[in-house]
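Here is the structure we will look at.
Chain IDs A, B, C and D follow the sequence of writing; residue 1 opens each chain.
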Amino acid sequence: MIDVQATSVAPQFAIESVGVSALRYPILAQDDDGRETQRTAAHWRLGVPLAADRRGTHMSRFVAAVEAAHETPMGLAGHFAFTTALARTLEAEGASVTTDFTWFRRVRAPVSGHVSHLECAVTFRSVAGAQPVRELGLTVAAKALCPCSKAISDRGAHNQRSDLTARVELAPDATLGIDTLARLLESCASSPVYPLLKREDEKHVTEIAYDNPAFVEDLVRRMALRLSDLPGAVAFVAEAVNHESIHAHDCFARISHRR
Amino acid sequence: MIDVQATSVAPQFAIESVGVSALRYPILAQDDDGRETQRTAAHWRLGVPLAADRRGTHMSRFVAAVEAAHETPMGLAGHFAFTTALARTLEAEGASVTTDFTWFRRVRAPVSGHVSHLECAVTFRSVAGAQPVRELGLTVAAKALCPCSKAISDRGAHNQRSDLTARVELAPDATLGIDTLARLLESCASSPVYPLLKREDEKHVTEIAYDNPAFVEDLVRRMALRLSDLPGAVAFVAEAVNHESIHAHDCFARISHRR
Amino acid sequence: MIDVQATSVAPQFAIESVGVSALRYPILAQDDDGRETQRTAAHWRLGVPLAADRRGTHMSRFVAAVEAAHETPMGLAGHFAFTTALARTLEAEGASVTTDFTWFRRVRAPVSGHVSHLECAVTFRSVAGAQPVRELGLTVAAKALCPCSKAISDRGAHNQRSDLTARVELAPDATLGIDTLARLLESCASSPVYPLLKREDEKHVTEIAYDNPAFVEDLVRRMALRLSDLPGAVAFVAEAVNHESIHAHDCFARISHRR
Amino acid sequence: MIDVQATSVAPQFAIESVGVSALRYPILAQDDDGRETQRTAAHWRLGVPLAADRRGTHMSRFVAAVEAAHETPMGLAGHFAFTTALARTLEAEGASVTTDFTWFRRVRAPVSGHVSHLECAVTFRSVAGAQPVRELGLTVAAKALCPCSKAISDRGAHNQRSDLTARVELAPDATLGIDTLARLLESCASSPVYPLLKREDEKHVTEIAYDNPAFVEDLVRRMALRLSDLPGAVAFVAEAVNHESIHAHDCFARISHRR
């Protein structure tokens, strides 16, 4: 059977990245602190560069690599090692892998102490090759209360759900726990959110948010300040998006920083 | 060239609906009051029933019908007439067409009077055949402030963006304007939302929302009460969805009613 | 602290369903055959009817119920039992719960025998109350090759990815395995799809699809025929959606049937 | 009324971009060739950098700027001028605006000549400031037939819908028509797609796709080759995504190039 992908072609553009996307596959995700694993369904995007003189990559090897790895606990360090191995498997100079999944954090309602599990969106992004990258991405929901609305209104203040996202690039030997990063982000908001709140908790959340107003600009600056203090963070992007309760649109702010 | 779709087959299941979906096509949408038209990009889903003894429908005729209609102003009455004609074109006993698009309403900020254009999501749904349907669907964003949070908290009250949806089935001779229905829905919320608010407007919206708290249950009951008063409405579904600012999940309530 | 939700109100509309939606929570999903469980992240929508004389439901109890259940294996039978218990917890006449998640099936490439894991989208839907419902919903991707294109073309035939969906309502004592239903649906297509195919597998899939062309109408009728043979299925909806490779839109067909 | 946004704060992080996102607003989009305008509903994201010593931006001015512009024909040149003016309005050193909308192209079926309108997804992206950007983004659907499947199979060949995307950064004085770019992209595929095809057209599309197979790597290299020939293109990104008909996942390839 002929191997069409191996056909030689006239020299042309090298391909920056070619591979498989929108792949749903199970993952046994591991918090980088190593304390906890969670099995879930991840979205994978896996690619390799392709030299100008090679016509095609080996698409089935991407899936075979994920199949071989899917029952082993994988934190960000393991994800980077997986990506490095993928480059070899694909006979490529490098590889990049992005893996998105939902992680659940055990949280306690602030007054009643009721336990529930709060989703956060995690992204492991690794790049193997000349400029390696190990990046932990995380989005948490939180509550933002508008300082302007509070200051100018005789009563009340508009507030809304806000999505806080950090993408933190780590030094080779650094680790960063999902829960650690999630709590860092929540501490920048007017209040965290919780899946399960009794009335006494709802009173507490309402009042601390009122006492701690923050513009979207304040949110992202607080995030940047705390992210810049993280040991092992060589670069980060912080973004806050407020789903405004007085508009049908959102407000956003973003800070990128490299040490 | 043989016509495979016309091939006779052994008697088998009749098909409830077969046709074309996820079709993006321009529409010159008309408010049923006839005062205004807006050209935009709609999503179309068009189907017909297929008898048990016919193998296939004529897929290209669905698109040809939309092509022929796309430059003529189309309100809900015109949409129903289009659907009735589609049944004939497809040699079917009936037809059903669902058309979704964004409509913009000219609104004024409540104090400063600044003008802006606020999106709402409109659905025309028509069914031709033995049980004809003419339905106007509409979703508007609005603001909902929690009565419980207000009552139990010493200061502030949590509030959030809420999506209010009505699907109103109209009698054959009835009309219902998009703006009329949008204002009806907004009047059920703690406050409308606006694209453009100056500080004096923001103060106003904050305060009237604080003075007019509503649970998701209150929202949907107010909607049902007002929808049940609409002349020409033979049935409706009302649904409110609050994007809770104290949770990462939503709260919803739904009422269906047929006269 | 006052309980605003318990406030009595003037008689008004009863609410068909009120509760919590867009809730992400872990589930230990169980194939109804009981052979396998998979932990993953589900989307939950939980609601109860609310009588006309009660102002509000107890929102936190929905989340507490999911929290209490999330570590116990849950198949469709367990999901129905959960829904029945939820109605009692909420002091309501009934309850409805819809839970969506991704399930992975272990599949083998048809010639090489390579193993991989193929996603399918599962929905457990239960309604407790006067008209109870136990429904298994499933969407699988498959391959559809056009009979018309094959018949009229001198070479080749257009084919595309197709999404095949069944929603099967089961009798109280009936069971239906996820993998059983997935294989039933795949058997209606021109060919199954696989995450991992070597060249000999790709040749096989290409040729069997070419030998087994099917219109979207054929797909849905084959599905209906096989679903109507399922012991314990009291009703079903079958839908096929072809992501046409010669169009930017889709073609669909749907059959609903109740015994 | 106090202006909280103007409050001075201790020096801290400058903000890379702050503004408004997920804003739906009408646009009178203009093909840069100036031959045609289309009114539609766009998604807007508008941001400005914010110096370290300013607490907040003026959120309402973003919406006011779009409101003031929405009835004037806007091509990419006008979009860049709008962005430049926005920086002044917001008293910022620069501004960036991304505007996404659906544009319809009048196309003819290849044999029958039937006319229909085919959607494409357009993005105008402008950056004003020290490093100005004028970028036209475009995604078209097309058909890709697999060379490997064709070569190794005794009959048929798998093919699928493919999304071809180009983002082309233009020199200040350059223009690039939407239809020109769309035809360039389509010419790289195994075949274009059409909304409306009669049987003779379907035969034609099937056969020319069979005669013109292309890997996802071939697609993106053809795109890069033609984009690199465009006068006035200072940089581009080309990406092809095949919605594989033999898998439930996609294959992708990407090339970035700067002159």
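Structure notes:
Note that a contact is a pair of C-beta atoms (placed from the backbone, for glycine too) under 8 Å apart; a residue touches a chain by one contact, two chains touch by 3 or more.
Predicted, not measured: the structure shown is a model, and the values here were computed from it.
Contacts with chain B and chain C are shared by A, D.
Seen from the C-alpha centroid of chain B, the farthest chain centroid is that of A. Work out the mean CA point of chain A and of chain B, and you get 34 Å between them. Chain B and chain D have centres, each the mean of its CA atoms, that are 28 Å apart. Look at where the CA atoms of chain A average out and do the same for chain D: the two points lie 25 Å apart.
Listed for chain A are residues 1, 23-24, 63, 119, 148, 152, 195, 197, 199, 203, 248-249, each touching two or more other chains.
Of all residues in chain D, those touching chain A in their complex are 1-2, 4-5, 12-24, 45, 47, 50, 55-57, 59, 63, 147-148, 151-152, 215-218, 220-221, 224-225, 228, 241, 248-257.
Only residues 1, 3, 23-26, 38-41, 60, 63-64, 67, 70, 101-102, 104, 114-117, 119, 195-200, 203 of chain C touch chain A when the two sit together in their complex. Those residues of chain B whose C-beta lies close enough to touch chain A in the complex are 118-119, 141, 143, 145-146, 148-150, 152-161, 191, 193-195, 197, 199, 202-203, 205-207, 209-211, 243-249.
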